[in-house]
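Presented sequentially are two complexes of chain A, the first with chain B as partner and the second with chain C.
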Partner chain A sequence: MNGTLTPLRAWLLMLPLLVIMLSVIGWPFVDTLRLSFTDARLVGTGGEYVGLENYRRLFASDAFWRAFRITTVFAVVSVLLEMVLGVLVALLLFQDFRGRNILRALLILPWALPTVVNALLWRLIYNPEYGALNALLLQSGLMEEYRSWLGDPGSALAALIVADAWKNFPLVALISLAALHAVPQAIRAAAIVDGANAFARFRYVILPYLAGPLMVAMVLRTIEAFKVFDIIWVMTRGGPANSTRTLSILVYQEAFSFQRAGSGASLALIITLAVTLLAVAYVAMIRRAAGGKF
Partner chain B sequence: MEQRSLGFSVFLYASALLLAVLILAPFAWLFIMSISSTTDLISKPLRWWPAQADWSRYRVLTDLTPNTHGAALMSALKNSVLVAAIATLAALAVSVPTGWALSRSRAVNWSLGLVIGTYMLPPVALAVPLYMGLAALDLLNTRFGLAVVYLTILAPFTAWLLKSGFDPIPRDIELAAAIDGARLDQTLRILILPLAAPVIGTAALFAYLLAWDEFFYALLFTSDQRAKTVTVAIADLAGGRVADYGLIATAGVIAALPPVLFGLLMQRTLISGLTTGSVKG
Partner chain C sequence: MSTLDLIGIGKSYGATEVLRSIDISLASGEFLVLLGASGCGKSTLLNVIAGLLSPTTGEIRIDGKRVNEVHPKDRDVAMVFQSYALYPNLSVRRNIGFGLEMRGVPRARRDEAVARVARMLQIDGLLDRKPAELSGGQRQRVAIGRALVREPKIFLFDEPLSNLDAKLRMEMRAEIKHLHRLLATTVVYVTHDQIEAMTLATRIAVMNNGAIEQIGSPEDIYRRPATVFVASFVGAPPMNLIEATWDGRGLHLDGSGQTLALPAPDAAPRPVTLGVRPEDLRLADPADELAIAATVDFAELTGPDRIVFSRLAGVPILASLPPHSHVTADEQVRLTFSKRDMHLFDRGSGKRIDIPLRPVA
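Let's look at the complex of A and B:
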């Protein structure tokens, strides 16, 4: 028939996207791979083939391992915080009380706030001289003197994590809330009739429904957090004393500030590898959660 | 619903209040900073409420006189609007047919993983060649160049979103149309597009917000008012030598206003879009 979707026609429909993906994703990616084996500069000389030299130097450098550690801490802690806070908020908003719908609507606000504005907002809140956090803690007697939250290597990463978690916990809360609504009313009622206490009901009735969506949210958030750049760039630029320099910030410095395109490319590929492993774990988890139907 | 004890009710409302404060306080503070006088903002102990509301910074930042903060922010807003619009339209143009093909044809369905995979690629893995490529084509610091780069993020994302949006539309009507002699493009145009309009609208909204939020590529590929987007302008202000924190806060309010208003107005659409994918697994 004239109007059926033959495989050839399906491929033709996909052609525009495939062309775009090949030219603005495929080609740059392959070129990054090529560059990672050269000593190319960002501007000017084409660069000589140096084999695995970039990778060898990378794995031998303290800066890389430190950035790797910082990135992992940032990703794990901020995602855990978002998960815990998100689930608690979802359980709260699942209850029936007045004003619940307004609160649900408010959840969209931090999510909709642009990341860069979120960073600016928290930078102002953390300001060592005039920031609201210092004023609040001092005026309520919780602190003796002003602190430089972002200027102290001991607290800068934690301060960034709080700012990131504040913006992203609503997403987890919304996803959890939708999952809670998917729990059949009859099962919840039965558990209450059978005398299960609140904890048992959460553990054995609610959690099984929550686990799948939460896992998806967790891995997606972890991948995002592992790539983190903008919030850190605006709040600390990787400082003080490189205490918040994550892998993406390190790539930026290497490839664009120092214009070492070759070694920047090799570092970028290491991040890609880590993110890919996370993504593979993600797909495997969804498959398992869907009982192998996916 | 079980009978609630008084203690539990108190706990419930206290938690709800705490949550409301947690969400709203940072927003409120950003706004208060934007209308507080500089004296109020640097006073110790800090004044939490301005002695007198000062709206002058909004006038300063919307003033179009060349080489002022206002001109910089307004041109950045215009660039953001245009770049996000071009990129969103282009992404939809390529991802509507793709999403449909992915949804309907077994022959291409396997490539969905590839599409999702590219969406998860870290931008740093493409940045250096894209920079060199844009430089070679003389597209650095242009809105068009940036919009093309944004396609790398938006197109796979909208294709993925649209595929799951096309899935629930019954195939029978397409089959019936084919039997009645409709060509494929007619089926897509006359039959499917109207049915999928809400999904396409959702995809456009998400794509636009995603482009509006983008910072990394914009920072790398733009350098002045001709193409700098609002995220870069905000980062410049936050990291620059501006002494008036109120002015920085005001710029934040202005840059946040469009997406936050969008978010509030379209929250039903956004929430269902954000949650269905992961809940269905």
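Let's look at the complex of A and C:
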């Protein structure tokens, strides 16, 4: 047998995968699309065709735009935080010191934890009565009295962002660490001899090698952050006063709590569209950055 | 223009000694080539001079001042790397001017200096390009420009031509030589290429296993190698080395039963290695007494020479003969050489033995 495949043979080999993909992704997608044009309830009647009514109502509703804003803030801030924290930690762990390998291994822990476990841990940390954060801030004199971090609409989203960034920065750190190892030793040496300080060395020597991998990490993380559901569901369920209700939470409430399958489906499709647009924009950016070689 | 002194430089990583008591003293404007096989410690030594590595023992002095504790950027040295080490996202102009920029030299003076160096290296048309848009030779010119523009006390070159093709390497070699003549800056240049070493250096330090085997002028290194290692490392095709026993009656070539009429000053037999460069061999007349009889394997015409591959008791003997020389395979040839052109080394220590140049007895 030689190494080339006839097109027919190639399609045949891919067929099982295609069938599975079509049945678990393709079909639900088509059905969701169909649902979004109906006023179907979750249980009971199949629903009537209502055209673009669901979409029109969504775009006119404050709840949608508020959730959109919250989602955007969550995604942008948590991804930025992860990027900065991830790169800083990677730079630290790239230094040569005793115990470096142990720390590198420990680094992966938050990321390896299931989201639910991480969420529960942070709920403990934020607990208004016996949480570690309150104890820390009070005992170090930074705060006068205990606060309910997750119970206050003013701080709940920030608290969630910190918890999410904590879980996901190790991914960025790992990718950065790998990229740091790709920086040629000679260029580092050249910059030292040229008299570049630490900041200049980061900017002109390290960053060019970090930019590509970081961009990929940013794509992955932004898309995931935009779809965020589980960590919020476990920690706040979108509250208090809907201050952490992201689009995914809104879909869940719409489709399952209020049992409006049609309206939920249209919202889900809007998220899909938004994420797809994000992905396309990112890929275009990476392509341009790589000079069309990607 | 500066002097450089290395005094007892040693470098170890744990129990591994990479450099052992290196002593070198360079006068201002000298061009020192550190020559050796990969892993001999020559690049490590260069990094020690640059300040990128600190020596375990010993002292580095530039212009007589100890610089062991001085940061690389303050040693006023510039380095050119084999891999060019250009900053990938900066233009050629900024790459060359980077050292000046980092030292806070004003824009106008920087641009002027960059333009001058770029003209000198004929890369003034490339100043707005990025390194990725340059050929290997152009990149190396930029790297050299980056070193030149700072007008450092000492230039350090780490195998700068090894990534270039043969023709370009020759051109750049000539250019570096020309630049050195023009600027007369002190240079330390690391290479494994003996042609580069022979053509560029005012002095060569042949390194082996972390130590200097011999330091001397190219002529010295080639004509009077101090050790068997230097003899075998420098020269292409390499020097013929034949094991022999030397006593009061003559030089007995081991395993062949041949004896050269070259009695030792001492009667006691001494194990030695006889060295003769291929180009110092010629076909013997019957009258020549100092001759080796060998069996021809084959001959290759390289153009200017006919390289004859022959054997003496299993030991390969190469002779670089004039192109018109006539030898055939399996023929027995007598190869002769002048006593001036032969080298003897003690087989135990590998060190050179000076041969008394009295008439053949």
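Going forward, the second predicted complex is superposed on the first by the 288 of 294 C-alpha atoms of A that agree within 3 Å, B and C clash if a C-alpha of one lies under 4 Å from a C-alpha of the other, contacts with A are read in each partner's own complex, and residues count from 1 in each chain.
Everything below uses one rule, namely that a residue touches a chain if its C-beta (ideal position, glycine included) is under 8 Å from a C-beta of that chain, and two chains touch if they have at least 3 such contacts.
Just so you know, these numbers come straight off a predicted model, no measurement behind them.
Look at chain A after the overlay: chain B and chain C fit there side by side.
With chain A as the corner point and C-alpha centres for all three chains, the angle toward chain B and chain C works out to 80 degrees, nearest 10. Within the superposed three-chain model, A:Phe229 lies in touch with chain B and out of touch with chain C [touch as defined at top]. Once the two complexes are overlaid on the shared chain, A:Ile70 sits clear of chain B and of chain C alike. In the superposed three-chain model, the partner touching more residues of chain A is B, compared with the other of chain B and chain C. Legend: residue contacts after superposition of the two complexes on their common chain; A:Val162 is shown touching neither chain B nor chain C. In the overlay built on the shared chain, the residue A:Ile192 is in contact with chain B and with chain C. Look at A:Val50: by the touch rule set out above, it reaches neither chain B nor chain C.
Distance between chain B and chain C in the overlay is 5 Å (nearest C-alpha pair, rounded to whole angstrom). Shared contact residues on chain A (touching chain B in one structure, chain C in the other): 192. For chain B in complex with chain A, the touching residues are 1-2, 9, 12-13, 15-16, 19-20, 22-24, 26-27, 29-30, 33, 41-42, 44-46, 48, 93-95, 97-98, 100-102, 104-105, 107-108, 111, 113, 115, 117-118, 120-133, 135, 148-149, 151-152, 155-156, 159, 174, 177-179, 181-184, 186-187, 209, 212-213, 215-216, 219-220, 230-231, 234-235, 237-239, 245, 248-249, 251-252, 255-256, 259-260, 262-264, 267, 270-271, 274-279, 281.
On the chain C side of its complex with chain A, the touching residues are 47, 50-52, 72-74, 77-79, 81-90, 98-99, 102-103, 132, 146, 158. Chain A makes touch with chain B in their complex at residues 1-5, 7, 9-11, 13-14, 16-17, 20-21, 24-25, 27-29, 31-32, 35, 42-43, 89, 92, 95-97, 99-100, 103, 105-117, 119-125, 127, 129-130, 132, 135, 138-139, 166, 170-171, 174-175, 177-179, 182, 192, 212-213, 216-217, 220, 223, 226-227, 229-230, 233-234, 237, 248, 251-252, 255-256, 261, 264-265, 267-269, 271-272, 275-276, 279, 283, 286, 289-290, 294. For chain A in complex with chain C, the residues that touch the partner chain are 184, 186-187, 189-197, 200, 204-205, 207-209, 291.
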